[in-house]
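Each of the next two complexes has chain A plus one more chain, namely chain B in the first and chain C in the second.
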Partner chain A sequence: MLKVIAACGSGMGSSQIIKMKIEKIFKKLGISVQIHHSSVSEAKNLASNYDVVFCSEALKGNFANAAANGTIVIGLKNLLSEQEIEQKIIENVVNKK
Partner chain B sequence: MNIIMTIWGFFQNNILTKPAFFVGFIVLIGYLLLKRPFYEALAGFIKATVGYLILNVAAGGLVNNFRPILAVLKDRFNLTAAVIDPYFGQAAAQAAVEKAGKSFSMMMVVLLIAFIFNIVLVLLRKWTKVRTVFITGHIMVQQSSTALWMVFFCFPQLSNAGVVTMLGLLLGTYWAVASNLTVEACQELTEGGGFAVGHQQMFGIWLTDKIAGKIGKKGKKLEDLELPGFLSIFNENVVATGILMLVFFGIIMTILGPELLHKIDNTFGKTQNFYFYIIEKSFNFAVYLSILQLGVRMFVSELTESFQGISNRLLPGSIPAVDCAATYGFGHPNAITIGFLFGALGQFLMIIGLIVFKSPVLIITGFVPVFFDNATFAVFANKKGGLKAAAIIPFISGILQVLGGAFAAYFFELAKFGGWHGNFDWDTVWPIIGVIMKYGKYAGVAVVILLLLSIPQFQYRKNKDHYFTIAEDYESYASSISK
Partner chain C sequence: MFKELLEKKRYSFHDGFESWEEAIAAACKPLIEDGAVLEDYVDLIIKNVKEYGPYIVIAPDICIPHAQEGRGVNETAVCLMKTKKPVHFSDSPEHDARLFFVLASTDNSIHLQNLSELVEYLSDESMVKKLLEAESVEDIKALI
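What follows is the complex of A and B.
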C-alpha cells in the first residue's frame, strides 16, 4: 500500500481537489493507496512517513528536505488535469519501482 | 397524531437544531443514497459530527479570547474591532445568530438549497447561460454563515422557512453567476485548464482580468525579481497568522497597558511578564484558527466529495468552480508573494487611515483575505499587465478590503463579536447587497437576484460564438480566434 499525502496552503481547498483526482488515477492504474490531505506546514513535518507528496508546482520548494530523504515529491501545474497527474504518476512512481 | 408530534419534537430538539448532528445525518443519508457500504457511511457520519463539534470549540475559543480586549476598547475608546478573515467572520456570525436565539443549523439548510439552485441554473443553461457549479465546500460553509446573519439582521421577523428559502436562492444565484464570471479569465490563464474559481473574490478576478491590461504592459517582468528568502515563511498559515496577530494585538495591548489588562483578564497571571502574556494571547488566535480549520476540514471533505460526485453525475460538460489556489500553479511564485505584499501594504495604510479619521470600527488584518485574494489577483494581473498591474491591483484591493470590511462590520453589527468575513467580494458586492436588503426588503432581494441573473446574459450577448466553446472545448476556441 502506497502512502500518499496531498498538500496546499490551507489544507482545505486545493489539497482536497488533488486528493480526489489522484484517488481516481491511482484506481485506474490499479495501484492501492492511502491518501491524506493537509496544509503544507503539517505535510512538511509528516512527509518522511509518506511515500509520495503531491502539491502545487508553486509549493514544491517546501519539500526539498523530504525529497532529499527519498520521498517522491510531485508538483502539479493543473491540479484538475487528469492527464498531467497520470503522466506524472507513471513517470515518478510506476517507473521508479 | 400525538406520536407524530412527539417524534417531530424529538427530531427538532436533538437533530434539526443541533448543527453537528444535522451535518452528520446529511452525510450519512448522502452516502447511503450514493450506495456506499454502511461502514463508510457511518465513518462519514462520525467524522462530520466530530468535525463540527471541534469547530464549535474553536469558534467559542476565538470569540472568548477576543472578548476582554473588545470590552476594554469599547469602554476606553468607544471603539469596536473586527478581524477581517472568513474564519473570524464565521465565528462572529455564529455567535450573533445564536445570541438572537436562532439555530445555526439553518446555515446547512441554506447551503444545500443554494447548491441545488446552482445545479438547477446550470441544468437550464440554455436559458440562464450559467456554466459553472460551485463546489468549494469550506467556502460554502463560511459564506452561508455570514449571509445567514445578514438575512437575520435585515429580516428579524421572517420565519425560518422563509429565511432559508430566500437566502438559498440568493446565495445559489451568487455562486452560479460569480463563478461563471471567472470562466474566461481562468481558461485564458490556464490555457484550457477546465476549471473556474469558486471562492471569495470572483468579482475581483473578473475586474482584474478586465483592467490589468490597461494598467500595465507585459513588458516589465515579475519573474526576474529576486525576492528575499525570509518571505517564504508566510507560506505557512500558522506562522503568518501568529505574526499578524502578534503585531496587531501587540500594539493594541501595549496601548491598553498591563494594569488594565490585569483587571479585565484573569488568565493574565500575577507573576507573568507583560510581553510574554501578549505573545501567548496573540498566539492563542493561531491556536483556535488551527483547531477551527481542523474541524472544518473534517466535515467539509465529506461534503466536497459528494458535491463533486453529484455535479459530475448530473451535469456533464459543466465546469467545476474550485479554490482560488488552484490558479497558483499557473503563476510565478513571485506573483503570489507580490500580491500578498502589496495587498498588505494597502490594508495597513487604510487601517492607519481609519484611525486618523476616527472610524468607530478598528480593522485588524486577517491572513486569509490579504493572502489568498491578493495573491490570486496578482496571478491574473501579471498575465495581462505584468509587474505593474500585479502590484497596483492588490494594493487597491487591500484598501477596499479594509474600507468595505469596516463598513460591513459596523453596519451589520458583527464588530461586537470581533469579526467580519473580509474577502474581496464580501467587502464590496455583499455589503451592497446587504444594504439593498436592509432598505429594499423583499423587493430589494428580488432586484438583486434578477440583476445577478442578468450578468451571464450580458456576457453571452457580447460573445455569442465562443461563450460555450471557451468552456467546453478550449482548443477549438483557441484555433478559431487565432485564424
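What follows is the complex of A and C.
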C-alpha cells in the first residue's frame, strides 16, 4: 500500500482536487494507495512519513527536506490534466519501484 | 453547485483587472454582498497567494481563489467570475486566469460535493472552452 499525501496552501482547494484526480489514476493503473490531503504547513512536517507527496508545481519547494529523505515529490502544473498526472505517476512512481 | 450559484446570483463578468489582488476582490464581491463571506476573506486569500505563490491557478486559465475552511466564511459557497482579458498572477503566462471560482467552506461534505461537480465540469475541455467564451450569465445558463 502506497502512502500518498496531497498538499495545498489551505488544504481545502487544490489538495482535494488533486486527491480526486490521483485516486482515479492510481485505480486505473492498479496501484493500491492510501491518500490523505492537508495544508502545506501540516504536510511539511508529515511528508517524510509518506511515500509520495503531490502538490502544485508552485508549492514543490516546500518539500525539499522530504525529497532529500527519499520521499517522492510530484509537482503538477495542470491539476485537471489526467494525462499529466498519469505520466508523472508512471515516471516517478511506477518506473522507480 | 451551478444551480445554487445561478439562483443566488453569485457571478460577475468583467473586462479585466490591473492586478490579481483587484481581481480576487471583485471575484469575492457577490459573496460579501450576500453575507456568505466576510470582507476579511479577500485579505486571507491574498495573504495565502503571497505566502505560497499562485498555486490557486490550477490549470490554464482557471483560478480557484480560496483561503482556509471556516475563517472569514459564514456559508459554504461557490462564486463565478469571468474576465475577457487574462489576469496575471506572475510573469509567467502559465499563471494567467480568466475563469474564477471562489470557494468558501464551513461544511466539508457540502464543499466536497461542490468541488467534485466543479472538477467534473472543468475536466471537460470543450466545456472549459465554452465557459471561457461566456460573456454573460445567459451564456452560462445555456451551458449548464
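Here, the second predicted complex is superposed on the first by the 97 of 97 C-alpha atoms of A that agree within 3 Å, B and C clash if a C-alpha of one lies under 4 Å from a C-alpha of the other, contacts with A are read in each partner's own complex, and residues count from 1 in each chain.
FYI, contacts are C-beta pairs under 8 Å (C-beta built on N, C-alpha and C of every residue); 3 or more make two chains touch, one makes a residue touch a chain.
These figures come from a predicted structure and were not determined experimentally.
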{"item": "Which superposed partner A:Lys88 touches (first chain B, second chain C, both, neither)", "value": "neither"}
{"item": "First (chain B), second (chain C), both or neither touched by A:His37", "value": "first"}
{"item": "Which of chain B and chain C A:Met12 touches, first, second, both or neither", "value": "both"}
{"item": "Overlap of the chain B and chain C footprints on chain A, listed as residue numbers", "value": "8-14, 16-17, 20, 39-40, 56, 58-59, 62, 77-81"}
{"item": "Residues of chain A that touch chain B when the two form their complex", "value": "8-14, 16-17, 19-20, 37, 39-41, 56-59, 61-62, 75-81"}
{"item": "Of all residues in chain B, those that touch chain A in their complex", "value": "136-139, 190, 193-195, 199, 232, 235-239, 293, 296-297, 300-301, 304-305, 308, 320, 322-326, 328-331, 333, 336, 368, 371-372"}
{"item": "Chain C-facing residues of chain A, complex", "value": "8-14, 16-17, 20-21, 39-40, 55-56, 58-59, 62, 77-82"}
{"item": "Residue numbers on chain C that touch chain A, as the complex places them", "value": "48-49, 51-56, 58-60, 62, 64, 66-69, 94, 103, 105, 108, 111-112, 115-116, 119, 122-123"}
